[in-house]
Each structure stands twice: as C-alpha cells, then as structure tokens.
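Before anything else, here is the set of structures, which you'll find just below.
Two complexes come next, and they have one chain in common, chain A, joined by chain B in the first and chain C in the second.
Right, the complex of A and B next:
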C-alpha cells in the first residue's frame, strides 16, 4: 500500500480536469467577461472604452431599469409568500389521514412536469378569452376584460406562478411532514393541545429544514422570473411586468445596451447570491434555536 | 417503523378533507388541462362554450399543428439534447465528483475545485447569458450539438453537489479491496463505485430531463437556426402564427405536453422520489 500511495496517481486529475477546464471556459469566462464589460461602453460589437461606474450609475437613474427592479422584488415577495403558504396548507392536508393519498399527491405534483412557457400560454387563453367571455355573459364588468392588459397584469402572472410553483413546494413539505414520527403526535394528543398549536409548536419546528429549502429556492427562482412573462405579457402593458431577466434579454440583445445590461446582470447576481446566503444563515440559526 | 407497534388512534379516514382536496385538484389542477384538451379537439365554430365537450372530434387540428410547427424535427432535436445530456452528464459528472470527493481531504487542489463548482451554483444562467451568446457564436456552437454540450457542462455544480453527498457515504473499504486485487483507478470507478451510485444516477437523470425538456431561455438565446429549435422554443416562435386559431394552438400545446405527461403516468413514483432526493439530498 505504501508504495502505491507514493507513486503519484494522475487518474483523479484526468477524471476532473477536462470538465473543469470546459466549465471554466464556458461558465467562468463569460461571467468574468460580463463583469468586465459592465465597466465599459461596449455596445455588443466594435470597440470599447472604460467608463468606470457609469453603467451602474445609469441603472439608478433609468426609470425602466428601476421599474424592473421594483416589479421583480414585488413579484418575488408575493410569489414566495403565496406559494409557500398555500403549499404548506395543502401539504398538511395531504399528510392527514385521508383516502386516495397517492392519487392526490400525484395530481398535485403534475404541474411540475409542464414547462412554464406552455402553462403560460394556456393561462393566456383563460385570462384573455375564457374569463372575459364568462364575465360578459354574466354582465359582470370587473372580469370582462383581460387582466393581462390592465394595471393588474402582474396578478395574472402571479396566479400562473402559484399554480405551477405549488407542485414542487407541496412535495418538499410533504416529505418533511412524512419524516415526523407519529409518536410525537401521540404525546401531544395526550397533553391536550389544539391542532393549530400542535402544528406551530411541534410540527413546524421539525420541518423547518424543508421550509428553508423551499424558501431559498423560491426566492432565487422568482427573482429570475422569465418564461411566464415572455409567454403572457412580454413585459407589458407598457413596462409594468418587465422583470430584470426580461430586461436583460430584450435590451441586452435587441438594443445596443450590452454593457448596461451586463451591469444589470452583475447587480442581479449580487442580489440573488446575497439573499440566498442571508436566508440560509438566518434560517439555519433559527432551526438550531427551534430544535 | 414503529407505526405497527402503536395503536392507530385515528383509524377512520377524514372524508371531508379528502373531498376538499379532491375538488381543488380537479378544478384547479385538472381544469386547465381538461380545457386545453377539449379545445384542441374542437372545430373553431364550436367555441361558443369553451368548456363543453366537442360536438365532433376534429383530429385534423393535430396533424395541422404537427406540420405547421415541424413537430417531428423539434421533437427529435429535444429528444437528442435530453438523452445525450443525460448519458454524458451521468458518465462525466459522476466521475468528476468522485475524483473530487475522494481526494478533497488529502489534496488542496481538489478541495478548491469542490468550492469552485459549489460557488458557481450562485451564478444563474441569466447573469452569464449576454457574454455567453457572443462566445458561443464565435465558436459556432449555436446549434443542437453546442447546446447539448453546454447543458452537460452547466449541470456540473449541482451534480457535483448531489454526487458528492452520496459518495461520502460509500465506505472506502470496497475501493481499497479492489486496488489490492490489482484494479486500476478507472476500473475501481467503473466497476465498483459507478454501479453503487444507481439511486443518485436516477435522481440526476430525472432532474436533467426536467431541465432540458422544459427549458426555454437557453434555447431562446443560443439557437439561431430554425432547424435547431426545441419543442418549447418552437411554441414561442409559432405563437404569432396561430393568431386566433386557438384550436390549432392548443393542439400544438397538447402535442408538447403529451410526452412528459405520458412519462409521468408511467414513472411517477421514480420522478417524485428523484425530485425529493435532489432537493433534500
């Protein structure tokens, strides 16, 4: 064995290096180039000059960009709260002593299989044609117009996001609830606590790690919202539902804002990374305290 | 499980709750799918009540949508990307994760590599896409092969994380025994470790499948030639051409959803457990 160890084996290096180099070329290099261009005036072609922090300062003064940030934060906040609250409630229901447990679980997970784009198209029809026709037939003016064409377009996008996002979150909460030992409930039942108290005092602390996973993934995902907006509003009406990702895509590729949108991408990265780290830290500490 | 040991206190199932959950599932989850299906089978003149069953079934919607979106080609593109990605991801990413995990303790190089990949999980695709598109077109990789290759490379952070957690739990005794028997490191990996990682391969395969099959953003920014489009991207491109022919549009959506929904019906158990172990580790 001694002899074997001394001979430096290069196999592990060969196993990982080709992939690591490719990862560097196609992931790290674009990332670094993006950071680099965010300090230049490169329009996406031709020459460039260093402009320092001009792109970043421009971001703050540009109303389109600040509106995209406002929309994205608002959307991510509401989507995270609604998706997690509804999912947790449904997961508790699905974990209770009910019939057809497996069928119901399979049904609630179904939307996860469907791409967000197609889901968006289907709901486009529901919001744009089905509900308004229904509203007109009933002479009910508040639902006779397509919500996606109004100031409340973002609510339509929120509903679609909840519809699809629930699937994954329910599944994770459910697997958390199933890991809780029934004996704990036995003890609680003897103590005579109410179901509401029992949930928050006993169950919730035990499934806290699952709550952490869902929260971090939700916030991260919703800050980068893209597919459902492209399917439903393309960022409109006006710019009211233009998210940060949609803005990077439309302006970065289509107008010559390559450098400015690179700065936008860098800021999005910092926000997503910071929020994920912060959440993990706070929630991990809370979990420790609860346990 | 201790369940069998204790008296079941609440033996009678809660029928009210069952009914409530069933009603929500039928109306909220299945409702939109039912609507999509009936519209795809209807004639445009039969759209007075969108939710009613079709007066007569118009199968030609499907053949027309098939031809219009060049479905067979889009399906093959998506299928190729998905399958090649799964096969190569499992082979290469598990190997890289194995080399990293087993050498992290003794070598600083592998430890640094581990944190390099893990920290890349914080960089979303949206952040690198502008420069990446320039790079990809400079390398002439804006096609099916190029995007497949990129999926394999970009899955690395997540898969290193998943595989690494799994490999840690495999005792090294097995590998040491194989080395004493004269196996080369590559043989040790393929003959001993690779088969042991089956549950994790399944998880990685399912997550990769869901990612590539339903991905929209990467094909949107990377695939420039219409011949290279995926199913999702083609739907987006054809959206304008369907205009108000909803029956054709919905037939096309159903064609895109059908393969995944069929998969789900048959492999539901594996998909659910794969997604759970991918998220919870």
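Right, the complex of A and C next:
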C-alpha cells in the first residue's frame, strides 16, 4: 500500500520532467539571456557593457519602433475581430444540417495545413499577377496594381491572415458547438424563438469558453505577427508593414542592434502577457455571468 | 528502490542535456588523417558553381588539402553567429560592405598587404577596401568587381529611333521621353524587392555627393535634407518613366518583363544580365553608365568590390589557406570566374570581353569608377525602406517638393537611429 502511493506521486513528475528540462534549456534560458542583454550594449558578438535602462529609453524616442507598435496594434485589432466574427459565422453554418458537411469542413480546414510561407508566396502571385491582370482586362485601375506595393499593403496581409487564421478558429468553435445539447434547441423551438435569439441567448453563452480561448490566442498570435509579412512584403513598402517581430528580427539580427531589440522583445512580451491576462480575467467573469 | 531508479533517469537526462550543450559549442574545422580541411565561406550563393569547379581543380593540385565550401542564403546572419561563437571559417569570400566591416571590427582577419598577389590588383579597388576602416592594412584582397549602370534593350532603342546611348542627364531624360512617346515603357523598376531602389539611388548619389560627405554625416555635421535634395529630385524624375506598377513589381517579374521586351531599360547592375539571357537567349542587350551629370566627363561608373578574399587570423591552417587564396588569384582562375559569373575582375589584365557590357568596360579598365555610397553607411541603416516609401508617395500623387522633404527627413531619422557609437 505504501509503495503504491509513492509510485503514484512520482509518475507525473517523470512524465513532465523531460519536457520541462528541454523547455528550460531551449526557452527559458534564451529568454533570460535576452532579458539580460537588454540591459547591455551587446551588438550580437564580441564584448559588452552594462548600460542600464538606455535601450528602453531609446525605444520610446525612436519613431521607427513606435511606428511598428502602432501598425502591430492596428493589425492585431482588425485581424482578431474579422477572424473571430467570420469563423464563428462559418462554424455555425458548418454545424447546421447541410449537405456535404464533412467535405466543407475539410475544405475550410485546408489553409491550416499549409505553411505560412507557402501561403505567402501563393498570395504574392495572386496579388502581384492574377488580380492586376484581371483588373487590366476589366479596365479597373483600382485593382490593376499590386496591393502589396501601395499604402494599403497591410490590407493585403490582413486578407491573407484572415484566410489562414479562420481555419483553426472554425475548428475550435465547431467543437464548442458540438458540445451543445440538441435538446436545448428543441425546447427553445417549442417556445417559438427566432434563430437570432437562439444564437445570442443559448448558443453564444454555452460556447463562451471557446470564444475566450480563441480571442486570447488570436490577440497573442497577431501581436507577434511575423511569417506572413516576411513572405509577402518584408515589412515594406517603406516601414508600412513592419510589425514589432519583423523589426526585432531585421534590426536585431541583420543590423547589429541586438541589445536594443532585446529590450523591444521584453516590452513586447510584457504587453502580450498583460493583454492576455486582462482578457482572460474579463472574459472569465463574463462567462460566469452568462452561465 | 524506485527513488534509486529515478535518480538514474534524472542524471541520465541531465547528462544528455549537458553533453548536447557542450557538443554544440565545439564544432570547428579540424584535420584528420593527415588531410587538412579548409572551411571556405562565401556570402554569395549565385557563384557557388564556379567556386566548386575551382575547388576541385585546387584539390587535384593539392591532394592533401580539401576545401569545404559553404554559401548559405542568409550569409550575413550566419557570419554573425560565427562571430558570436568566436569561431570563424578559415577563408572567406565577402563583399566590400557592412558584412566585411563587421569582421574587420571584430579583429578576426589577417593582414594580407604583404602577399605577392596584392600588387596584381587595381589600386582603386584596394582603396575601396582600406577606406572602410582606419589604418593601412589590407584585411581582404579584392577579387571580383560589379558595376552599376543602365541595361538597355537595343531592339526597342532602334524602334524608337535612338541610335546613340546618352552621355548626359538631359540626353538621358530626352531618350526616356522619346521612348514614352512611342508607347514603350522607358524603365522597368522592381521596387517590390526593396534593394533595387538603392541600386538606382546609389548611382545618383555617388556621382553627385562628395566622398567626405559621409564622415560629416557620421559626426552629425550635415544631413540628407541639406545636401541630397538634387539627388532625390533626380530619383523622383526617373520614377516618371517607370512602368505603371513600379512599386508592386518584384525583381523576378521585372526581369521577366524586361526579357520579353516590355520595357527599354533597367537601372541596376551587370549581375542582372545573366538572369535576362537565361529567360531570352536572343535578347539584344547592352549596358551604359547612368549619365547623372550634365558634363559627360564628370560621370563615373558606380562600381564596388563584389567579392574580396579574407583569411582568418585564428586559422590553424594558415599555410593551406594562403595557398588557396593565391590559387584563386591566379590570372587563369580569375579569368574563369569573370567569364562564368559575368563579373569584372579586380586583377589587372583580366578583362571581361562580353559584348553585352562593352558600353562600360572601357571606363572600368580606365579606373573611372566611384564606390557605392551605401558601403559606407552604418550597417543598421536601411535606406531602401525610405526609398520604397518615396516611390509609394509618388504613385499616390504626393507633390515632388513635399515628397523630397519628407523622404530626406525620413532618411535622416533612419540614419540617426542607426548611427549609434559603439
């Protein structure tokens, strides 16, 4: 009896340990090193000195960095709203009693299976060649140029992000919708409710936890947007699509501002963590109220 | 009993983790069974095929040395990781640019100024290397040279009735106007790939701004706004003669369009030509220098060191490394490189005979050249961002005067944030 109890105590630790060690070595240690270097003037190689908070102060005075923050927040806001609104609507549709349900679900999930870089290159072709050719054929000057080469380049990136981001969110919403018991709807039908009312009064409260997860994951993901921008515009034209992560990468690794961009990364981490915690807090309270 | 087992497992896991950390720390060039292995690093990917041929020739001559070439596509970042690990390859082929300067600043390169092959090279190009830092040591010997200019389609020029290539700015603009009036797109720009903006801007500023300007700018004694108005004005003037979607065209698409006779000129460098001839073998091409000034004699070809060879001062195989560099510098081998890579050579007497570039090769042989201004900019300065924005502004209808002021202000801002004294 004694031995059995002990055994039960130790197994979970054994299961967690390998990953915990790997996580510590490859994630926590580099992260702490990054925090450390953000207080130095290390250019990425050679020697360094402590400079205190100079890198953080520099960040606030640099217009390129503030521009990147402005763009990233704008992008994250629009992407989160559109991705969640559209994928919730699509999930409700895909959950309804329609023909070819399984095929459609698989189709909508397809973008998630493709790597972001490949998606980026495909859309590079669509924006750069297909749409302009279409525009020229119809003589519509507004779409006969590559949107990625204009002031509206960020809209192009937003479209691609929504297209790809939806797949995963639909999946989560669908699993939420499937957990709702049909009997509740039957009861509501007998009471003579409208579909709109049924959605807001029954479906939405019941899938609120899934909404919370999606929202938190979306905001976190889009604040750290990187691959699609690198694949499509590399942050251009000008700095118009340079997100915080893109800036950290280009300036930190290619331009030897490692220490300054480490500070930038620390600030980004704090912002993402704070927003995520805030969201969880507010949305959890909302969930409790709804239930 | 279980605790014992647990301890074993734990120590095993930690041991493996520690070992993997150690192993990543000490991978470097090594020699085994009497054979020396040289690490040869190249910052360019496109010339790897020529290097491979030269290496196998070298290995045949020196059976006890084997050379391992690595030419990753993101060479700058890889070099930086070498530096941060404090281990660098034995021999390096770098450009005369910020990447090279980083190596020089890290003090990892050997002085080559007393090597026999150095005197064979053209002094202009040695100067381009030494002027990047203080002191008169030569940390890399210039090998291959590239040249900027205008690549033009002879067929379209003939169609428009232009018989001679322009030698002054007004002649050049006039030719653009003639082409445009004949419904031929004068210039194909490819600003979606932002580096191509600098290929244009460099040629303008190299011919209009004095060489010491950069030193004053680094000391904050002058600004872009004060000195570069004319340069930016000419840059904007050129954009008037670009194709419709010049900010949305990628380099590959632009080259393809040019190869299909869709535009008469491209303002870039000699390295564009192989890409065009690959797509269209019958392309009737020529090259002339961008005539930036009104006095023809003042105009120079913007040309820089494309490849310079450097040796690590920490290498364990100094003799083999020197032998390899000396081998590459031999006239026959340099000639092979020049021919295959469509480049020019820094070595006196090794000429590029292709007809396609005969329009600029005479200036290069005379040494009528000026270096790329951006080679002297701080490595963190990315002027291409500013210049693509200028293009977007122009396309969305901003007035030239406002665009010039705003772009130069942005250039100064970018310069200031990059110009941090170490």
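Here is the rule we use: the second predicted complex is superposed on the first by the 267 of 291 C-alpha atoms of A that agree within 3 Å, B and C clash if a C-alpha of one lies under 4 Å from a C-alpha of the other, contacts with A are read in each partner's own complex, and residues count from 1 in each chain.
Criterion: a residue touches a chain if its C-beta (ideal position, glycine included) is under 8 Å from a C-beta of that chain, and two chains touch if they have at least 3 such contacts.
All values reported here derive from a predicted model rather than from experimental measurement.
*Asks:* Quick check on the superposed pair: does A:253 touch chain B, chain C, both, or neither? Answer first, second, both or neither.
*Replies:* So A:253 meets both chain B and chain C here.
*Asks:* Could you look at A:97 and tell me whether it touches chain B, chain C, both or neither (first, second, both, neither)?
*Replies:* first
*Asks:* Is A:41 touching anything from chain B or chain C once the two structures are fitted on A? First, second, both or neither.
*Replies:* In the superposed model, A:41 contacts chain C only, not chain B.
*Asks:* State whether A:129 touches chain B only (first), chain C only (second), both chains, or neither.
*Replies:* Touch status of A:129: both partners.
*Asks:* Which partner, once the models are overlaid, touches more of chain A's residues, chain C or chain B?
*Replies:* Of chain B and chain C, the partner in contact with more residues of chain A is B.
*Asks:* Between chain B (first) and chain C (second), which, if any, makes contact with A:106: first, second, both or neither?
*Replies:* In the superposition, A:106 contacts chain B only.
*Asks:* Starting from the residues of chain A touching chain B, keep only those that also touch chain C in the other complex, and list them.
*Replies:* Shared contact residues on chain A (touching chain B in one complex, chain C in the other): 22, 44, 129, 253.
*Asks:* Applying the document's contact rule, which stretches of chain A touch chain B when the two form their complex?
*Replies:* 1, 4, 9, 11-13, 15-16, 19-20, 22-23, 26-31, 33-34, 37, 44, 90, 93-94, 96-100, 104-119, 121-123, 125-126, 129-130, 133, 163, 168, 171-172, 175, 181-183, 186, 189, 210, 213, 217, 220, 224, 226-227, 230-231, 244-245, 248-249, 252-253, 258, 261-262, 265-266, 268-269, 272-273, 276-277
*Asks:* Touching residues of chain C toward chain A in the complex: what are they?
*Replies:* Its residues touching chain A are 2, 6, 9-10, 13-14, 17, 21, 76-77, 80, 83-84, 86, 102, 105-106, 191-192, 194, 244-250, 253, 379-382, 384-386, 388-389, 391-392, 395-396, 410, 413-414, 417-418, 420, 422.
*Asks:* What does chain B use to touch chain A in their complex?
*Replies:* Against chain A, chain B makes touches at 2-3, 6, 9-10, 12-15, 17-18, 20-22, 24-25, 28-30, 32-33, 35-36, 39, 50-51, 92-93, 95-96, 98-100, 102-103, 110, 113, 116-117, 120, 122-124, 126-135, 150, 153-154, 156, 179-180, 184-186, 189, 210, 213-217, 220-221, 232, 235-236, 239, 246, 249-250, 253, 256-257, 260-261, 263-264, 268, 271-272, 275-276, 279-280.
*Asks:* Considering the complex alone, what residue numbers of chain A touch chain C?
*Replies:* Residues of chain A touching chain C: 3, 6-7, 10, 14, 17-18, 21-22, 25, 41, 43-46, 62-64, 124, 127-129, 132, 144-151, 233-240, 242, 250-251, 253-257.
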